[in-house]
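Below you'll find a set of structures to go through.
Common to both upcoming complexes is chain A, partnered first by chain B, then by chain C.
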Partner chain A sequence: MKKASVMDIPDVPKGQLPPHLELQRTRVLCGSDAPTHSEGIQYSGAYASMGIDNSLRLDDFCNKFRVEIIQLTEDEMEFDMIGIDASVANAFRRILIAEIPTMAIEKILMVNNTSVIADDVLSHRIGLIPLDVDPRLFEYLSGNDSPNERNTIVFKLHVSCKKSGPRITVKSDQLKWLPNGSELEMASPNPSAKPKSYTSFTCSQDSLPEFSNKPIGLKHEDIIVAKLGPGQEIELEAHAIKGLGKTHAKWSPVATAWYRMLPEVVLLEDVEGELAEELVKKCPVNVFEDIEDLATGKKKAVVANPRACTLCRECILKIESTGALPPEVLFSEAVKVLEDKCDRVISELS
Partner chain B sequence: MEHGSITDVRSSTFSLMDEDHTLANSVRFTLNQDPRVEFCGYSIPHPSENRVNIRVQTTGDPAKEVFKDALQNLLVMSQHVRTTFDRAVQDYRAQPHNTIGSDGRL
Partner chain C sequence: MNAPDRYERFVVPEGTKKVSYERDTKIINAASFTVEREDHTIGNIVRMQLHRDPNVLFAGYKLPHPLQYKIIVRIHTTSQSSPMQAYNQAITDLDKELDYLKSAFEERISRKLRRVDMEY
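Then we have the complex of A and B:
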């Protein structure tokens, strides 16, 4: 007797999943208490018994993948990535927060601090101030290196409040850039030798082509650093170096980066008349809209603005930059970092 | 580094230093898509230690090759994402756009 394959039975659909399974594969459903099917069906053989190949073809991915930018300003951007899985989008988000280098103040040489803010608290606050400088122009400073113009930026803060004057607020614009390096001298055991400075700049930083047109400064000039009463003074020098958000959050280039799935709101049955008006009013973010159904003269609720819904394998990604690098450059760098990681592991294996 | 058995090249565990969920979850996703893979998963032995173990079991090919191919796929995917994104940014910049009003609508 000839063996019949399960593929030949007429009512098994070939090459196409039945609609309810297709829905399960591509959409995350929100039940009344929790989302369901949030894990992607990733296993390549998952639908093998139905004759469907779930494996990833690179050319398939390259054809279907699309990016649509919704908003792009100097500080913020929002865009959709269609055809990418949540795990890769999450990898980009994690890299954006923790593994893109930036410049931030790390060392503070305190000369005089008679204000009410303690030394360490003041240093912590100054460290968190975002700097408006492209970190790709600098190198990392490792333990044995000496600070030079290629890996350090030096700032100076010298504010004092007159004894008879009013109280003053020290804002971040008082931090002055010193392109020639540190002005303070290290204590030398040999009094006749020339005093050494804390940094060894071989040339002034503003003679370098990158900085001659655009001097290094801070992104925001109005950050309050400290407040001084009459007779109090702060004098310090701050050295900024390159670092990663992994080490300390001050080196994170984004205020925040988050992603979510694009919501698809499907009305299961027609909502008409007064119920439609109620639905429109209830939604706090105007997802629904009334339209007149001309044939019957009644109103029908229609989903007009699904993006605003706060509940497909589509992901909306939003990036808010702190300013040193514009957001689209940040995302490019994040993808490059992921590629570098892959490269490193591949070369280690070979 | 790879921990496998000399007689059976189809399954092994790759222990990576200085890695965490960022790379491991994405590589697990690409590994799963490969039809040669019978089982794959990753675990982080202790959160204070920056190490991740990725387990790969295949249907016949050496696990090292399959793992390398998955990483290569991830690499190509990221490159494609980058070029598509850069092109989208250029297109967006080229078109004139209205500014968003104070109520959040165009």
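Then we have the complex of A and C:
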């Protein structure tokens, strides 16, 4: 009697998952109350009983991975990454929000504040103002360092409202950049010694090649900082340093960054005629489109714009930058930060 | 009042190692790695990469407490590999994938910017 191999039997799948399992493995389904199958089935032995190897090798990744950029402006970027897992997209989102360094105002030396806004509230508002400067040109300021031109940017705000004049609104464009460092002097115990300044700039930041063409300023000139009534005055000096979003949200380089799965809308049965027109009209974001079916002269609804749908193993990432770094640079920095983290986490024990 | 300083989330204090390793006495080829000053960003990615390795029987990570900034990654492997090897292999693979991702992305961006320049 001839021995038949198990693989020859017609209903055993050879090397490919049956279609319903393939659907489960690669798509997140939207049920009526919650999404199902949302965890990626990454475990390499998951389909071992069917004889299918689920493990992903590096070459497979390189072959399947693609990036497509949908929109790229100065402040916003939207792009698709096809072939990566949700955990990688989430890691990028977390890093973009919290771990890319930026410059923001940290220390405020208050000389005079007679406005109705309290010192600390005013300082908090000034700290949140986004600065238009590339953080890669600066170094971190740690506890023991003295502030110098490589790690600090100094701004000055001096506004006063005349006693007889109308009320004025202090906007962020009144913050002036001081390329020579702090102008205030520290109180020194020895009255005859030369007074020390709060920052020790060895050369003016103006003279540095990066800043001579493009002076340091703020991204938005029209942010309202405070309002002054007659006779009130604000005089302060602000020092900006490099930091991470993890420490405080003012150092976050993005207004927000989010990702979602690319929706795939499948019509389970043909929708024709009047029903098709209704479907097209109902969708608020124009996902569907009418096409004329030439043979029968009836109209049929077709999915034309699945992206607009608000619910594949494909991920769309959207990044809105606050402006200091353009969004494509932000993403490259995010990949670098993730690589550095991986390197740090590799164990040296063997 | 009792919350630790924000910089503690990423600054490793003097004396503690970034990654430490503890073998499980009761199960062979099983170990826990404790990584200081890391969170879900790295934990989830390493766990996913470990799952893709056919020699790994079990891989999981957890944050024991949200105010203690460390993760514990637990790995069981078959006798063909050791947890240490699986961990190092997973991270090197991730490195390579990220390199490829970065170059693919940069190539796309430069192509798009060139096309935008040519239109003007």
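Operating definition for what follows: the second predicted complex is superposed on the first by the 336 of 350 C-alpha atoms of A that agree within 3 Å, B and C clash if a C-alpha of one lies under 4 Å from a C-alpha of the other, contacts with A are read in each partner's own complex, and residues count from 1 in each chain.
Please note the rule applied: a residue touches a chain if its C-beta (ideal position, glycine included) is under 8 Å from a C-beta of that chain, and two chains touch if they have at least 3 such contacts.
Predicted model, so just to flag it, every value in this text is computed and none were measured.
If you put the two complexes together on chain A, you find that chain B and chain C bump into each other.
In the superposed model, A:H248 makes contact with chain C only, not with chain B.
In the superposition on chain A, A:C342 makes contact with both chain B and chain C. Of the two partner chains, neither chain B nor chain C is touched by A:A226. By the document's definition of touching, of the two partners only chain B reaches A:Q71; chain C does not.
Overlap of the chain B and chain C interfaces on chain A: residues 40, 42-45, 53, 55-56, 58, 61-62, 65-69, 72, 79, 81, 84-85, 87-88, 90-91, 94-95, 99, 328, 331-332, 335-336, 338-339, 341-343, 345-346, 349-350. Touching chain A in their complex are the following residues of chain B: 2, 14, 16, 19-23, 25-30, 32-35, 37, 64, 67-68, 71-82, 84-86, 88-89, 92-93, 100. Residues 40, 42-45, 53-56, 58, 61-62, 65-69, 71-72, 79, 81, 84-85, 87-88, 90-91, 94-95, 98-99, 328, 331-332, 335-336, 338-339, 341-343, 345-346, 349-350 of chain A are the ones that touch chain B when the two sit in their complex.
Across the interface of their complex, chain A is touched by residues 6-7, 9-10, 18-19, 21, 33, 35, 38, 40-42, 44-48, 51-54, 56-57, 84, 87-88, 91-102, 104-106, 108-109, 112-113, 116 of chain C.
Those residues of chain A that touch chain C in the complex are listed here as 40, 42-45, 53, 55-56, 58, 61-62, 65-69, 72, 79, 81, 84-85, 87-88, 90-91, 94-95, 99, 244, 246-248, 328, 331-332, 335-336, 338-339, 341-350.
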